[in-house]
Amino acid sequence: MTQERPFDLLNSVIGKKVIIRLKSSMSIRGTVKSFDAHMNVVLENAEELEDGELKAKLGTLLLRGGNIIFVSPV
Amino acid sequence: MTQERPFDLLNSVIGKKVIIRLKSSMSIRGTVKSFDAHMNVVLENAEELEDGELKAKLGTLLLRGGNIIFVSPV
Amino acid sequence: MTQERPFDLLNSVIGKKVIIRLKSSMSIRGTVKSFDAHMNVVLENAEELEDGELKAKLGTLLLRGGNIIFVSPV
Amino acid sequence: MTQERPFDLLNSVIGKKVIIRLKSSMSIRGTVKSFDAHMNVVLENAEELEDGELKAKLGTLLLRGGNIIFVSPV
Amino acid sequence: MTQERPFDLLNSVIGKKVIIRLKSSMSIRGTVKSFDAHMNVVLENAEELEDGELKAKLGTLLLRGGNIIFVSPV
Amino acid sequence: MTQERPFDLLNSVIGKKVIIRLKSSMSIRGTVKSFDAHMNVVLENAEELEDGELKAKLGTLLLRGGNIIFVSPV
Amino acid sequence: MTQERPFDLLNSVIGKKVIIRLKSSMSIRGTVKSFDAHMNVVLENAEELEDGELKAKLGTLLLRGGNIIFVSPV
(Lines give C-alpha, C1' and ligand atoms only; values in the text may rest on other atoms or scores of the structure.)
Protein backbone atom coordinates (compact mmCIF):
# COMPACT_ATOMS: atom_id res chain seq x y z
CA MET A 1 0.00 0.00 0.00
CA THR A 2 1.12 3.59 -0.57
CA GLN A 3 1.35 6.05 2.31
CA GLU A 4 -0.71 8.64 0.45
CA ARG A 5 -4.18 7.17 -0.14
CA PRO A 6 -6.94 7.77 -2.71
CA PHE A 7 -9.41 9.14 -0.17
CA ASP A 8 -6.95 11.96 0.58
CA LEU A 9 -8.20 13.42 -2.69
CA LEU A 10 -11.77 13.53 -1.35
CA ASN A 11 -10.60 15.17 1.86
CA SER A 12 -8.84 17.85 -0.15
CA VAL A 13 -11.96 18.79 -2.15
CA ILE A 14 -14.37 19.42 0.75
CA GLY A 15 -15.96 22.77 -0.05
CA LYS A 16 -14.63 22.66 -3.62
CA LYS A 17 -16.13 21.86 -7.02
CA VAL A 18 -15.81 18.44 -8.60
CA ILE A 19 -17.18 16.62 -11.62
CA ILE A 20 -18.38 13.09 -10.91
CA ARG A 21 -18.76 10.66 -13.79
CA LEU A 22 -21.45 8.03 -13.14
CA LYS A 23 -21.92 4.54 -14.57
CA SER A 24 -25.17 5.61 -16.20
CA SER A 25 -23.15 7.79 -18.66
CA MET A 26 -24.27 10.83 -16.66
CA SER A 27 -22.02 13.45 -15.07
CA ILE A 28 -22.75 15.65 -12.08
CA ARG A 29 -20.90 18.83 -11.13
CA GLY A 30 -21.18 20.28 -7.63
CA THR A 31 -19.48 21.35 -4.42
CA VAL A 32 -18.47 18.53 -2.06
CA LYS A 33 -20.00 18.87 1.41
CA SER A 34 -19.19 15.45 2.87
CA PHE A 35 -18.29 11.87 1.94
CA ASP A 36 -17.90 8.52 3.69
CA ALA A 37 -15.94 5.30 3.31
CA HIS A 38 -18.38 3.95 0.66
CA MET A 39 -17.67 7.08 -1.43
CA ASN A 40 -21.24 8.26 -0.78
CA VAL A 41 -20.97 12.02 -1.41
CA VAL A 42 -23.17 15.01 -0.61
CA LEU A 43 -22.94 17.71 -3.27
CA GLU A 44 -24.37 21.23 -3.11
CA ASN A 45 -25.42 23.31 -6.12
CA ALA A 46 -25.28 20.10 -8.12
CA GLU A 47 -25.85 20.21 -11.87
CA GLU A 48 -26.43 17.35 -14.29
CA LEU A 49 -24.19 17.60 -17.35
CA GLU A 50 -24.59 16.07 -20.80
CA ASP A 51 -21.61 16.28 -23.14
CA GLY A 52 -20.21 18.93 -20.79
CA GLU A 53 -23.36 21.12 -21.13
CA LEU A 54 -25.74 21.92 -18.25
CA LYS A 55 -28.81 19.69 -18.51
CA ALA A 56 -30.56 20.25 -15.15
CA LYS A 57 -30.02 21.97 -11.81
CA LEU A 58 -30.31 19.40 -9.01
CA GLY A 59 -29.53 21.47 -5.90
CA THR A 60 -28.28 19.46 -2.91
CA LEU A 61 -28.02 15.70 -3.27
CA LEU A 62 -26.69 12.55 -1.66
CA LEU A 63 -25.04 10.37 -4.29
CA ARG A 64 -24.48 6.66 -3.64
CA GLY A 65 -20.81 5.79 -4.03
CA GLY A 66 -21.53 2.59 -5.93
CA ASN A 67 -22.63 4.57 -9.01
CA ILE A 68 -19.38 6.50 -9.34
CA ILE A 69 -16.74 5.87 -12.01
CA PHE A 70 -14.52 8.78 -10.99
CA VAL A 71 -14.40 12.05 -9.05
CA SER A 72 -12.32 14.86 -10.49
CA PRO A 73 -11.65 18.32 -8.99
CA VAL A 74 -12.67 21.08 -11.42
CA MET B 1 -13.18 11.10 6.69
CA THR B 2 -15.12 14.34 7.13
CA GLN B 3 -16.85 15.20 10.39
CA GLU B 4 -20.12 15.96 8.65
CA ARG B 5 -21.31 12.78 6.95
CA PRO B 6 -23.55 12.03 3.92
CA PHE B 7 -26.27 10.34 5.98
CA ASP B 8 -26.76 13.63 7.86
CA LEU B 9 -28.62 14.71 4.73
CA LEU B 10 -31.10 11.84 5.12
CA ASN B 11 -31.61 12.70 8.77
CA SER B 12 -32.40 16.27 7.84
CA VAL B 13 -35.13 15.30 5.34
CA ILE B 14 -37.25 13.09 7.61
CA GLY B 15 -40.79 14.36 7.11
CA LYS B 16 -39.76 16.34 4.03
CA LYS B 17 -40.09 15.85 0.29
CA VAL B 18 -37.28 14.40 -1.81
CA ILE B 19 -36.76 13.23 -5.37
CA ILE B 20 -34.94 9.92 -5.68
CA ARG B 21 -33.31 9.02 -9.00
CA LEU B 22 -33.14 5.24 -9.55
CA LYS B 23 -30.80 3.14 -11.69
CA SER B 24 -33.73 2.08 -13.86
CA SER B 25 -33.97 5.65 -15.26
CA MET B 26 -37.02 6.16 -13.04
CA SER B 27 -37.53 8.91 -10.47
CA ILE B 28 -39.72 8.84 -7.38
CA ARG B 29 -40.90 11.87 -5.40
CA GLY B 30 -42.23 11.49 -1.88
CA THR B 31 -41.98 12.35 1.81
CA VAL B 32 -39.25 10.51 3.75
CA LYS B 33 -40.58 8.56 6.71
CA SER B 34 -37.51 6.49 7.64
CA PHE B 35 -34.24 5.15 6.29
CA ASP B 36 -31.50 2.74 7.39
CA ALA B 37 -27.77 2.19 6.90
CA HIS B 38 -28.34 0.46 3.52
CA MET B 39 -30.16 3.60 2.31
CA ASN B 40 -33.43 1.65 2.27
CA VAL B 41 -36.05 4.41 2.47
CA VAL B 42 -39.76 4.52 3.27
CA LEU B 43 -41.57 7.24 1.32
CA GLU B 44 -45.15 8.41 1.80
CA ASN B 45 -47.34 9.95 -0.91
CA ALA B 46 -44.82 8.64 -3.39
CA GLU B 47 -45.19 9.48 -7.08
CA GLU B 48 -43.38 8.02 -10.07
CA LEU B 49 -42.01 10.72 -12.37
CA GLU B 50 -41.07 10.54 -16.03
CA ASP B 51 -39.19 13.51 -17.47
CA GLY B 52 -40.29 15.45 -14.37
CA GLU B 53 -44.01 14.74 -15.07
CA LEU B 54 -46.26 12.66 -12.79
CA LYS B 55 -46.61 9.15 -14.22
CA ALA B 56 -48.27 7.24 -11.35
CA LYS B 57 -49.27 7.64 -7.72
CA LEU B 58 -47.61 4.93 -5.63
CA GLY B 59 -48.68 5.81 -2.08
CA THR B 60 -46.42 4.47 0.67
CA LEU B 61 -43.44 2.37 -0.34
CA LEU B 62 -40.24 0.80 0.91
CA LEU B 63 -37.46 1.42 -1.60
CA ARG B 64 -34.32 -0.76 -1.56
CA GLY B 65 -31.22 1.41 -1.19
CA GLY B 66 -29.26 -0.53 -3.78
CA ASN B 67 -31.42 0.93 -6.59
CA ILE B 68 -30.70 4.54 -5.72
CA ILE B 69 -28.42 6.85 -7.72
CA PHE B 70 -29.14 9.94 -5.63
CA VAL B 71 -31.55 11.48 -3.13
CA SER B 72 -32.25 15.19 -3.42
CA PRO B 73 -34.42 17.38 -1.15
CA VAL B 74 -37.12 19.18 -3.18
CA MET C 1 -30.35 6.75 11.91
CA THR C 2 -34.06 7.30 12.49
CA GLN C 3 -35.92 5.59 15.32
CA GLU C 4 -38.62 4.32 13.01
CA ARG C 5 -37.01 2.00 10.47
CA PRO C 6 -37.87 0.93 6.90
CA PHE C 7 -38.47 -2.72 7.84
CA ASP C 8 -41.29 -1.57 10.14
CA LEU C 9 -43.26 -1.20 6.91
CA LEU C 10 -42.77 -4.90 6.11
CA ASN C 11 -43.83 -5.87 9.61
CA SER C 12 -47.00 -3.85 9.22
CA VAL C 13 -48.03 -5.61 5.99
CA ILE C 14 -47.84 -9.23 7.19
CA GLY C 15 -51.13 -10.75 6.07
CA LYS C 16 -51.87 -7.79 3.80
CA LYS C 17 -51.64 -7.15 0.08
CA VAL C 18 -48.65 -5.44 -1.50
CA ILE C 19 -47.36 -4.70 -4.98
CA ILE C 20 -43.66 -5.42 -5.46
CA ARG C 21 -41.84 -3.79 -8.37
CA LEU C 22 -38.89 -5.90 -9.60
CA LYS C 23 -35.74 -4.91 -11.46
CA SER C 24 -36.83 -6.96 -14.46
CA SER C 25 -39.64 -4.41 -15.14
CA MET C 26 -42.08 -6.94 -13.71
CA SER C 27 -44.53 -6.37 -10.85
CA ILE C 28 -46.00 -8.93 -8.49
CA ARG C 29 -49.09 -8.46 -6.31
CA GLY C 30 -49.76 -10.76 -3.37
CA THR C 31 -50.32 -11.20 0.36
CA VAL C 32 -47.17 -11.06 2.52
CA LYS C 33 -46.65 -14.18 4.61
CA SER C 34 -43.10 -13.62 5.86
CA PHE C 35 -39.89 -11.73 5.11
CA ASP C 36 -36.30 -11.69 6.37
CA ALA C 37 -33.41 -9.26 6.74
CA HIS C 38 -32.41 -9.69 3.05
CA MET C 39 -35.94 -8.59 2.07
CA ASN C 40 -36.65 -12.12 0.84
CA VAL C 41 -40.46 -12.28 0.90
CA VAL C 42 -43.02 -15.07 0.75
CA LEU C 43 -46.21 -14.01 -1.01
CA GLU C 44 -49.47 -15.94 -1.22
CA ASN C 45 -52.02 -15.64 -4.03
CA ALA C 46 -49.31 -13.90 -6.01
CA GLU C 47 -50.12 -12.46 -9.43
CA GLU C 48 -47.77 -11.18 -12.10
CA LEU C 49 -48.82 -7.78 -13.42
CA GLU C 50 -47.99 -6.07 -16.70
CA ASP C 51 -48.93 -2.41 -17.02
CA GLY C 52 -51.18 -2.91 -14.00
CA GLU C 53 -53.09 -5.78 -15.71
CA LEU C 54 -53.08 -9.39 -14.50
CA LYS C 55 -50.64 -11.43 -16.64
CA ALA C 56 -50.39 -14.72 -14.69
CA LYS C 57 -51.44 -16.31 -11.42
CA LEU C 58 -48.35 -17.51 -9.56
CA GLY C 59 -49.80 -18.83 -6.28
CA THR C 60 -47.35 -18.97 -3.36
CA LEU C 61 -43.78 -17.89 -4.00
CA LEU C 62 -40.52 -17.03 -2.32
CA LEU C 63 -39.08 -13.88 -3.89
CA ARG C 64 -35.37 -13.06 -3.50
CA GLY C 65 -34.94 -9.62 -1.95
CA GLY C 66 -32.13 -8.66 -4.30
CA ASN C 67 -34.58 -8.37 -7.21
CA ILE C 68 -36.82 -5.83 -5.50
CA ILE C 69 -36.99 -2.13 -6.37
CA PHE C 70 -39.82 -1.33 -3.98
CA VAL C 71 -42.63 -2.84 -1.89
CA SER C 72 -45.87 -0.88 -1.63
CA PRO C 73 -48.99 -1.72 0.41
CA VAL C 74 -52.08 -1.83 -1.83
CA MET D 1 -38.64 -9.76 11.79
CA THR D 2 -41.52 -12.21 11.49
CA GLN D 3 -41.52 -15.51 13.35
CA GLU D 4 -42.33 -17.49 10.24
CA ARG D 5 -39.47 -17.03 7.78
CA PRO D 6 -39.15 -17.18 3.97
CA PHE D 7 -36.84 -20.21 4.00
CA ASP D 8 -39.62 -22.18 5.69
CA LEU D 9 -41.15 -22.33 2.22
CA LEU D 10 -38.05 -24.08 0.86
CA ASN D 11 -38.09 -26.55 3.74
CA SER D 12 -41.70 -27.38 2.96
CA VAL D 13 -41.00 -28.21 -0.72
CA ILE D 14 -38.19 -30.75 -0.24
CA GLY D 15 -39.22 -33.69 -2.44
CA LYS D 16 -41.87 -31.60 -4.18
CA LYS D 17 -42.12 -29.85 -7.52
CA VAL D 18 -41.38 -26.16 -7.95
CA ILE D 19 -41.01 -23.66 -10.77
CA ILE D 20 -38.01 -21.37 -10.46
CA ARG D 21 -37.95 -18.13 -12.43
CA LEU D 22 -34.40 -17.00 -13.27
CA LYS D 23 -33.01 -13.55 -14.05
CA SER D 24 -32.15 -14.67 -17.57
CA SER D 25 -35.91 -14.81 -18.40
CA MET D 26 -35.66 -18.59 -18.16
CA SER D 27 -37.76 -20.87 -15.96
CA ILE D 28 -36.88 -24.28 -14.59
CA ARG D 29 -39.31 -26.84 -13.19
CA GLY D 30 -38.10 -29.71 -11.04
CA THR D 31 -38.21 -31.57 -7.73
CA VAL D 32 -36.29 -29.95 -4.86
CA LYS D 33 -33.65 -32.24 -3.37
CA SER D 34 -31.73 -29.78 -1.18
CA PHE D 35 -31.02 -26.08 -0.70
CA ASP D 36 -28.68 -23.92 1.41
CA ALA D 37 -28.59 -20.45 2.95
CA HIS D 38 -27.53 -18.86 -0.39
CA MET D 39 -30.67 -20.32 -1.99
CA ASN D 40 -28.47 -22.68 -4.03
CA VAL D 41 -30.88 -25.48 -4.95
CA VAL D 42 -30.49 -29.02 -6.28
CA LEU D 43 -33.37 -30.03 -8.55
CA GLU D 44 -34.09 -33.49 -9.94
CA ASN D 45 -35.94 -34.21 -13.18
CA ALA D 46 -35.41 -30.56 -14.06
CA GLU D 47 -36.95 -29.13 -17.22
CA GLU D 48 -36.30 -25.81 -18.91
CA LEU D 49 -39.51 -23.97 -19.74
CA GLU D 50 -40.18 -21.26 -22.30
CA ASP D 51 -43.55 -19.50 -22.13
CA GLY D 52 -44.70 -22.38 -19.93
CA GLU D 53 -43.79 -24.99 -22.59
CA LEU D 54 -41.10 -27.66 -22.15
CA LYS D 55 -37.94 -26.57 -23.97
CA ALA D 56 -35.34 -29.08 -22.71
CA LYS D 57 -34.90 -31.87 -20.19
CA LEU D 58 -31.99 -31.04 -17.88
CA GLY D 59 -32.02 -33.94 -15.41
CA THR D 60 -30.35 -33.23 -12.06
CA LEU D 61 -28.79 -29.84 -11.55
CA LEU D 62 -27.31 -27.51 -8.96
CA LEU D 63 -28.67 -24.00 -9.47
CA ARG D 64 -26.82 -20.99 -8.00
CA GLY D 65 -29.15 -19.00 -5.77
CA GLY D 66 -27.96 -15.66 -7.08
CA ASN D 67 -29.74 -16.28 -10.41
CA ILE D 68 -33.16 -16.79 -8.85
CA ILE D 69 -36.03 -14.29 -9.00
CA PHE D 70 -38.54 -16.55 -7.28
CA VAL D 71 -39.33 -20.14 -6.30
CA SER D 72 -42.94 -21.25 -6.47
CA PRO D 73 -44.44 -24.63 -5.48
CA VAL D 74 -46.35 -26.20 -8.40
CA MET E 1 -31.78 -26.11 6.35
CA THR E 2 -31.85 -29.59 4.85
CA GLN E 3 -29.41 -32.27 5.96
CA GLU E 4 -28.43 -33.09 2.40
CA ARG E 5 -26.82 -29.99 0.88
CA PRO E 6 -26.41 -28.66 -2.68
CA PHE E 7 -22.62 -28.97 -2.67
CA ASP E 8 -23.02 -32.72 -2.15
CA LEU E 9 -23.85 -32.77 -5.86
CA LEU E 10 -20.46 -31.26 -6.71
CA ASN E 11 -18.69 -33.77 -4.49
CA SER E 12 -20.45 -36.60 -6.29
CA VAL E 13 -19.30 -35.47 -9.76
CA ILE E 14 -15.55 -35.24 -9.11
CA GLY E 15 -13.98 -37.14 -12.01
CA LYS E 16 -17.27 -37.13 -13.93
CA LYS E 17 -18.67 -35.13 -16.83
CA VAL E 18 -20.93 -32.11 -16.31
CA ILE E 19 -22.49 -29.38 -18.41
CA ILE E 20 -22.22 -25.91 -16.89
CA ARG E 21 -24.57 -23.18 -18.13
CA LEU E 22 -23.04 -19.70 -17.80
CA LYS E 23 -24.67 -16.27 -17.52
CA SER E 24 -23.15 -15.26 -20.85
CA SER E 25 -25.53 -17.71 -22.62
CA MET E 26 -22.56 -20.04 -23.07
CA SER E 27 -22.31 -23.66 -21.95
CA ILE E 28 -19.20 -25.64 -21.10
CA ARG E 29 -18.93 -29.43 -20.91
CA GLY E 30 -16.03 -31.10 -19.11
CA THR E 31 -14.79 -33.40 -16.37
CA VAL E 32 -14.78 -31.93 -12.85
CA LYS E 33 -11.36 -31.99 -11.21
CA SER E 34 -11.98 -29.79 -8.17
CA PHE E 35 -14.26 -27.08 -6.80
CA ASP E 36 -14.37 -24.73 -3.80
CA ALA E 37 -16.94 -22.96 -1.63
CA HIS E 38 -17.36 -20.14 -4.22
CA MET E 39 -18.31 -22.77 -6.82
CA ASN E 40 -15.05 -22.07 -8.66
CA VAL E 41 -14.53 -25.26 -10.69
CA VAL E 42 -11.59 -26.80 -12.54
CA LEU E 43 -12.70 -28.75 -15.62
CA GLU E 44 -10.57 -31.01 -17.79
CA ASN E 45 -11.18 -31.74 -21.49
CA ALA E 46 -13.53 -28.76 -21.46
CA GLU E 47 -15.56 -27.93 -24.56
CA GLU E 48 -17.57 -24.83 -25.35
CA LEU E 49 -21.06 -25.66 -26.60
CA GLU E 50 -23.47 -23.60 -28.66
CA ASP E 51 -27.02 -24.89 -29.00
CA GLY E 52 -25.69 -28.23 -27.78
CA GLU E 53 -23.07 -28.41 -30.58
CA LEU E 54 -19.30 -28.36 -30.00
CA LYS E 55 -17.99 -24.86 -30.71
CA ALA E 56 -14.40 -25.03 -29.36
CA LYS E 57 -12.10 -27.30 -27.39
CA LEU E 58 -10.83 -25.45 -24.32
CA GLY E 59 -8.74 -28.10 -22.54
CA THR E 60 -8.22 -27.56 -18.81
CA LEU E 61 -9.74 -24.45 -17.26
CA LEU E 62 -10.55 -22.76 -13.98
CA LEU E 63 -14.07 -21.32 -14.13
CA ARG E 64 -15.12 -18.58 -11.68
CA GLY E 65 -18.20 -19.65 -9.75
CA GLY E 66 -19.88 -16.27 -10.05
CA ASN E 67 -20.54 -16.87 -13.77
CA ILE E 68 -22.45 -20.10 -13.26
CA ILE E 69 -26.23 -20.48 -13.64
CA PHE E 70 -26.25 -24.24 -13.07
CA VAL E 71 -24.10 -27.38 -13.05
CA SER E 72 -25.66 -30.58 -14.34
CA PRO E 73 -24.14 -34.10 -14.46
CA VAL E 74 -24.19 -35.51 -18.00
CA MET F 1 -14.94 -29.89 -0.33
CA THR F 2 -12.33 -31.66 -2.45
CA GLN F 3 -8.73 -32.00 -1.29
CA GLU F 4 -7.38 -30.69 -4.56
CA ARG F 5 -8.60 -27.12 -5.01
CA PRO F 6 -9.25 -24.85 -8.03
CA PHE F 7 -6.50 -22.39 -7.13
CA ASP F 8 -3.96 -25.20 -7.48
CA LEU F 9 -4.40 -24.65 -11.21
CA LEU F 10 -3.25 -21.03 -10.86
CA ASN F 11 -0.26 -22.10 -8.80
CA SER F 12 0.72 -24.56 -11.50
CA VAL F 13 0.72 -21.91 -14.27
CA ILE F 14 3.03 -19.34 -12.67
CA GLY F 15 5.56 -18.52 -15.39
CA LYS F 16 3.41 -20.21 -18.04
CA LYS F 17 1.04 -19.01 -20.74
CA VAL F 18 -2.71 -18.87 -20.23
CA ILE F 19 -5.75 -17.55 -22.08
CA ILE F 20 -8.20 -15.64 -19.90
CA ARG F 21 -11.78 -15.18 -21.13
CA LEU F 22 -13.36 -11.98 -19.75
CA LYS F 23 -17.00 -11.05 -19.23
CA SER F 24 -16.69 -8.28 -21.81
CA SER F 25 -16.40 -10.95 -24.57
CA MET F 26 -12.67 -10.18 -24.70
CA SER F 27 -9.81 -12.67 -24.29
CA ILE F 28 -6.30 -12.00 -23.08
CA ARG F 29 -3.28 -14.30 -23.57
CA GLY F 30 -0.17 -13.88 -21.45
CA THR F 31 2.33 -15.34 -18.99
CA VAL F 32 1.15 -15.51 -15.37
CA LYS F 33 3.45 -13.65 -12.97
CA SER F 34 1.30 -13.66 -9.81
CA PHE F 35 -2.26 -13.98 -8.56
CA ASP F 36 -4.15 -13.52 -5.29
CA ALA F 37 -7.24 -14.89 -3.54
CA HIS F 38 -9.57 -12.57 -5.54
CA MET F 39 -8.17 -14.10 -8.75
CA ASN F 40 -6.49 -10.76 -9.55
CA VAL F 41 -3.71 -11.78 -11.96
CA VAL F 42 -0.58 -10.12 -13.27
CA LEU F 43 0.23 -11.16 -16.85
CA GLU F 44 3.38 -10.39 -18.81
CA ASN F 45 3.60 -10.12 -22.61
CA ALA F 46 -0.19 -9.91 -22.59
CA GLU F 47 -2.08 -9.81 -25.89
CA GLU F 48 -5.73 -8.99 -26.53
CA LEU F 49 -7.38 -11.59 -28.77
CA GLU F 50 -10.49 -11.31 -30.93
CA ASP F 51 -11.87 -14.53 -32.40
CA GLY F 52 -8.51 -16.11 -31.54
CA GLU F 53 -6.57 -13.50 -33.59
CA LEU F 54 -4.12 -10.99 -32.06
CA LYS F 55 -5.85 -7.60 -31.73
CA ALA F 56 -3.39 -5.62 -29.58
CA LYS F 57 -0.19 -6.07 -27.57
CA LEU F 58 -0.80 -4.98 -23.98
CA GLY F 59 2.53 -5.76 -22.30
CA THR F 60 2.37 -6.24 -18.52
CA LEU F 61 -0.99 -5.82 -16.83
CA LEU F 62 -2.87 -6.35 -13.59
CA LEU F 63 -6.29 -7.86 -14.33
CA ARG F 64 -9.07 -7.63 -11.74
CA GLY F 65 -10.36 -11.11 -10.90
CA GLY F 66 -13.99 -10.04 -10.95
CA ASN F 67 -13.91 -9.70 -14.76
CA ILE F 68 -12.78 -13.28 -15.39
CA ILE F 69 -14.98 -16.05 -16.77
CA PHE F 70 -12.21 -18.64 -16.97
CA VAL F 71 -8.44 -19.12 -17.03
CA SER F 72 -7.05 -21.84 -19.26
CA PRO F 73 -3.41 -22.96 -19.66
CA VAL F 74 -2.31 -22.77 -23.32
CA MET G 1 -0.80 -18.25 -3.14
CA THR G 2 2.33 -16.90 -4.83
CA GLN G 3 4.95 -14.95 -2.89
CA GLU G 4 4.95 -12.14 -5.42
CA ARG G 5 1.47 -10.57 -5.46
CA PRO G 6 -0.58 -8.64 -8.04
CA PHE G 7 -0.61 -5.42 -6.00
CA ASP G 8 3.19 -5.33 -6.24
CA LEU G 9 2.58 -4.10 -9.78
CA LEU G 10 0.61 -1.11 -8.45
CA ASN G 11 3.36 -0.32 -5.95
CA SER G 12 5.91 -0.34 -8.76
CA VAL G 13 4.00 2.21 -10.87
CA ILE G 14 3.57 4.97 -8.26
CA GLY G 15 4.69 8.14 -10.05
CA LYS G 16 4.60 6.38 -13.43
CA LYS G 17 2.18 6.34 -16.36
CA VAL G 18 -0.43 3.62 -16.79
CA ILE G 19 -3.37 2.90 -19.06
CA ILE G 20 -6.48 1.71 -17.23
CA ARG G 21 -9.18 -0.12 -19.20
CA LEU G 22 -12.64 0.35 -17.67
CA LYS G 23 -15.78 -1.79 -17.92
CA SER G 24 -17.58 1.01 -19.74
CA SER G 25 -15.33 0.41 -22.80
CA MET G 26 -13.43 3.56 -21.83
CA SER G 27 -9.68 3.85 -21.21
CA ILE G 28 -7.86 6.37 -19.06
CA ARG G 29 -4.15 7.19 -19.20
CA GLY G 30 -2.44 8.98 -16.34
CA THR G 31 0.26 9.02 -13.67
CA VAL G 32 -0.48 6.94 -10.56
CA LYS G 33 -0.39 8.98 -7.34
CA SER G 34 -1.90 6.47 -4.89
CA PHE G 35 -4.04 3.36 -4.66
CA ASP G 36 -5.73 1.27 -1.95
CA ALA G 37 -6.79 -2.32 -1.33
CA HIS G 38 -10.03 -1.85 -3.36
CA MET G 39 -7.87 -0.80 -6.35
CA ASN G 40 -9.23 2.75 -6.03
CA VAL G 41 -6.59 4.81 -7.83
CA VAL G 42 -5.71 8.50 -7.96
CA LEU G 43 -4.32 9.52 -11.34
CA GLU G 44 -2.75 12.85 -12.27
CA ASN G 45 -2.72 14.37 -15.77
CA ALA G 46 -5.41 11.85 -16.64
CA GLU G 47 -6.65 11.63 -20.23
CA GLU G 48 -9.66 9.77 -21.60
CA LEU G 49 -8.77 7.66 -24.64
CA GLU G 50 -10.98 6.34 -27.42
CA ASP G 51 -9.44 3.79 -29.78
CA GLY G 52 -6.06 4.86 -28.43
CA GLU G 53 -6.68 8.54 -29.35
CA LEU G 54 -6.97 11.39 -26.83
CA LYS G 55 -10.66 12.23 -26.29
CA ALA G 56 -10.56 14.54 -23.24
CA LYS G 57 -8.16 15.87 -20.63
CA LEU G 58 -9.46 14.99 -17.16
CA GLY G 59 -6.70 16.31 -14.88
CA THR G 60 -6.54 14.70 -11.43
CA LEU G 61 -9.12 12.06 -10.60
CA LEU G 62 -10.05 9.37 -8.11
CA LEU G 63 -11.16 6.24 -9.95
CA ARG G 64 -13.23 3.59 -8.17
CA GLY G 65 -11.51 0.22 -8.36
CA GLY G 66 -14.72 -1.64 -9.12
CA ASN G 67 -14.83 -0.16 -12.64
CA ILE G 68 -11.40 -1.43 -13.64
CA ILE G 69 -10.76 -4.32 -16.04
CA PHE G 70 -6.97 -3.94 -16.03
CA VAL G 71 -4.11 -1.58 -15.24
CA SER G 72 -1.10 -1.63 -17.54
CA PRO G 73 2.16 0.35 -17.22
CA VAL G 74 2.83 2.40 -20.38
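We just call them A, B, C, D, E, F and G in the order they show up, numbering each chain from 1.
In this section, contacts are C-beta pairs under 8 Å (C-beta built on N, C-alpha and C of every residue); 3 or more make two chains touch, one makes a residue touch a chain.
Everything quoted here is computed from the prediction, not taken from an experiment.
Note on connectivity: the fewest chain-to-chain touch steps from subunit B to subunit E number 3. Subunit E has its Cα centroid 33 Å from the Cα centroid of subunit C. Centre to centre, using the average C-alpha position, subunit A and subunit G are separated by 19 Å.
Subunit G has residues 7, 66 in contact with two or more other chains.
Order of chains around the touching ring, counted from subunit A in the direction of subunit G, is A, G, F, E, D, C, B. Looking at the complex, you find that subunit E touches subunit F at residues 7, 11, 14, 22, 24, 28, 33-37, 40-42, 46, 58-64, 66-67.
Considering their complex, residues 1-2, 4-10, 23, 25, 39, 65-66, 68-73 of subunit G touch subunit F.
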